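Common to both upcoming complexes is chain A, partnered first by chain B, then by chain C.
Now for the complex of A and B:
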């Protein structure tokens, strides 16, 4: 079995931008108090903390939406070096909780805003819009001409994300982008985000107050409190050795469970034992705790079988909630295994076809690591 | 402030409703035809008025045609509304920008203060400086119609969703682009409502221009009043009412055309 490192280490990248001794004041209130931070390129940096801790302010300093009292922000990456404020913002995709789609513009025009500001030519822009809509899995034919008030919250958020990616900027700044979406859709959006980020490898700065979301998405996790950084490290490192009482309390008693959210299913997915027939006993060796998956002609799982104390447990699979996706978290896999009573969770691809399984032992092994 | 925002949005609702009910282009054409028929033909005027006031002999103004007076009236009203639109929208944009926000309260207070002057007082006060004729009338109408336009412009821009302003700025729009691409289209229906208000208001108020020799339909109305001739008063009023209906329809059409 191959267990990849849950997250690529931060040493094989360079510092995208460097924040040094940042101080921000709103009147007499000190919002940021001597914040120093290095944002890695091509990685997801998540800023997290209780409300009022300065995470959003930090993000808004990066694209100049908030004025700095003292301190410096140095853009080290070649793609953003020496740019004017306006050009800097155009090279940093910006997505926020309230989405901020222009209600008088269609989906197409909204996604097209930044390329239009940059003066790209028309045919290139049209192509780009179609590509972006397809990327966030919204059919361009259906959605192109819709207005924002015709979209659901989740769809609007996808469009907001597509718009942030409009000009293919090297950086994405995301301020609680999934904060206003219901829990079910939020998980789906996170899955999509992970999928897209693995493809595009942007330098992302992501603000959230949801610990599970932070642990899932972060390559580099920054915990803030009262305008200061309390701990900044990889999520693995923070979960295994939290610095100080605040971080420990912030991570909560489910710390070990949280570690499972770090890892996606594909990292410990194994080949599944499957067949078209329902004769499980022929496929499952005696005294093994393997799972046999019965699939239909298209390859979609219809039933799972596991031997347990001599008899065979059978679990019909009727909907997507019985299976996991490649980018689902191990925590999700764990829940599916416990629900079904089988020894593994079925992993399906976008078209619902069985492409592997995640076994209970594999999860156990990872959580020991 | 709040009051005007509420009444403006109520107006918008009303406009939207009438908009749906009335097929406005035919109505507009009909109204214009009626107006032209009435102001161009003395026969129609005398015919209609003699039906209503059989005892009155003089049914038209002795020196000026109704057509000329209508022309003056429209010119005065339109000019005042145009100037007020220009000034009101610019001023409204100015005080809703970050740099000008400090002046917002001052400007709005001053604006409502101007409203407390009766237009006739403005005309009389402006007389020494601007003299006799249409100029003091224009000033009065301009000051009067500034209020709804400026007020609605400010409300329109202030009610733009902060998330939209934030994302517009965050994606790298320059100040003018933020204004034109993100904010103006959202504030526009409200601004248009303000312009419509001021135009309708001006149509009525413009009648006092005649007091100071400014011409317009006030000429026939005031003659009627001094001569105790109700027919003359009614004749001027008919035209003003038709102009108001036409104005209303034109604005509805305009709001439909621009709200897409």
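Now for the complex of A and C:
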């Protein structure tokens, strides 16, 4: 069995931009107090902390929406160096909690906004819109001409994300982009985000107040409190050795369980034992705790079998309730395993076909690391 | 589920309102006769008409009673349309018949007009039309037929003795002039108040301090009665025009159209500033935030986001100002200005009801038409998604 690196390590990248001794004041209130930060390129940096800790302010300093009192922001990456403020913003995709889609423009015109500001030609823009809508899995034919008031909350968030990617910017700034959707949609959007980020490898700065979301998405986690950075490190490092009482309290008692959200299913997915027939005992060796999956003609799992104390237990499988996706977290896998009582959770692809399994031991081994 | 049957209480209620109005109109004078334009009126009820006319006038209401007792949406809608159209047609024909009788007889009174009973009757007809869930093509055809027959009757001289028309004929080309003057006063005042009001609205939107100065000031202006404002303007304006002959040459005097335009402009400022300010400040802040975050320059945020989103609200303000100014422009006459107020106030002075009615009728017509036109303009300039807020599954 091979366990992949839980996260792309931060050492194989360079610093995208550098924040030094940043101070921001709103009137007499100090919003940011001497914040220094290095944002890695092509990685997801998550800023997290309780409300009013300055995480959103930090983000909005990066694209100049908030004026800086003291300190410097240095753009080290060649792709954004030496740009004017509006050009800088156009090179940074921006997605916010309330989405902020232009209500008088269609979905197409919204997604198209930054390319239009940049003066791309029409055919290239149309192609881009189709590609982006497909990327966030919304059918361009159906959605292109819709107006924002005809979209559901989740759809609007997807369009907001597509718009942020409009001109294929090297940087994405996301200010609680999934904050306004229900928990179920939120997890789906996170799955989508991970899928898209693996594909596009943007430099992302992501603000959230949801710890689970932060741990799932972050390559580099920055915990803030009262305008200061308390701890900044990889999520693994922070979860295993929190610095100080505040961080420990912030991470909460489920800290060890949270570590499972760090890892996605595909990282420790193994080949599944499967077949069309229901004769499990022929497939399962004696004294093993493997799981045999019975699949239908399309390859979707319908039943799971595992040996338990000499006899074979059998569990019918309902897709989505008992199966996980490639980008689901190990915490999710763990829940599914405990639910079914089998020794592994079935991993299915987008069409619901069995493509592997995550075994209980694999999760156990990850926890030891 | 849609269920309309004979005992539909809604239908019954509406029908009884209409029938009650009809009953009231029966006991009021239906039309009146006058020896000359200022002599006392001789009122005539429906009873003065012959039996045939009375039956015809009753017919629309029999149809409404029938409507209240039938099942079926389609049938009741048709009954309403027929009742409404006939309810417009018969009073017009009664006027034509009475008019025809008057002009054929030299010894009879010289002029006549509709009286309170007919107004109540027509109100009942209006209620009939309002009972319809939707105006259909055949309603428009019906109304067009009524207008057509009225025009034919008018062409044949049946309405020649109608007080309103006699007054209009007396005025001749002056009527046209006053109508044009009224429109001109309105448009000039509106244009000036837009030119002043829009920038003020934008300034208030940009700075809270300006807002704190402008709005209390506007509120005070709004409380000054129109006639008082006109009076107040006489002294400063006449002083100005006496001191600066150039202003006098430009037509700026203490009386006449100038103070009228100033007063009308002042009153129109309120709706324009209030509506525009609200239109701009009700733009969702997150939209502006997103627009800036995506790299729009300040001028692009105005051009691509603020202006398009605020336009419907700003136009609504102009529409309110327009309707209000058309009404207020009537007062211009009091200070020596032109406009349809001339008819109203001269009519009042001469105790000629017909003249007042003619002036008021034209003002109301002008108001309704310009309101409709502006509404169409607003609909055309509003993006599809902003027209019906809250529609869709959002």
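As a convention for this text, the second predicted complex is superposed on the first by the 369 of 369 C-alpha atoms of A that agree within 3 Å, B and C clash if a C-alpha of one lies under 4 Å from a C-alpha of the other, contacts with A are read in each partner's own complex, and residues count from 1 in each chain.
One rule holds in what follows: contacts are C-beta pairs under 8 Å (C-beta built on N, C-alpha and C of every residue); 3 or more make two chains touch, one makes a residue touch a chain.
Computed from a predicted structure; not experimentally measured.
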{"item": "Superposition on chain A - do chain B and chain C clash or fit", "value": "clash"}
{"item": "Touching partner for A:149 - first (chain B), second (chain C), both, neither", "value": "second"}
{"item": "Touched partner set for A:247, first chain B, second chain C, both or neither", "value": "neither"}
{"item": "Partner chain in contact with A:87 - chain B first, chain C second, else both or neither", "value": "both"}
{"item": "Residue contacts on chain A - larger count, chain B or chain C", "value": "C"}
{"item": "Touching partner for A:113 - first (chain B), second (chain C), both, neither", "value": "both"}
{"item": "Superposition clash, chain C versus chain B, among 4-12, 40-48, 58-66 or 310-318", "value": "310-318"}
{"item": "Common ground on chain A, meaning residues reached by chain C in one complex and by chain B in the other", "value": "63, 65, 86-92, 94, 96-104, 113-114, 117, 160, 163, 166, 173"}
{"item": "Contacting residues of chain B [partner chain A, same complex]", "value": "161-174, 177, 181-182, 185-186"}
{"item": "Touch list for chain A against partner chain B, complex", "value": "63, 65, 86-94, 96-104, 113-114, 117, 160, 163-164, 166, 173"}
{"item": "Chain A-facing residues of chain C, complex", "value": "284, 286-297, 300, 304-305, 308-309, 383-386, 389-394"}
{"item": "Chain A to chain C touching residues, read off their complex", "value": "60, 63, 65, 86-92, 94, 96-106, 113-114, 117, 147-152, 160, 163, 166, 173"}
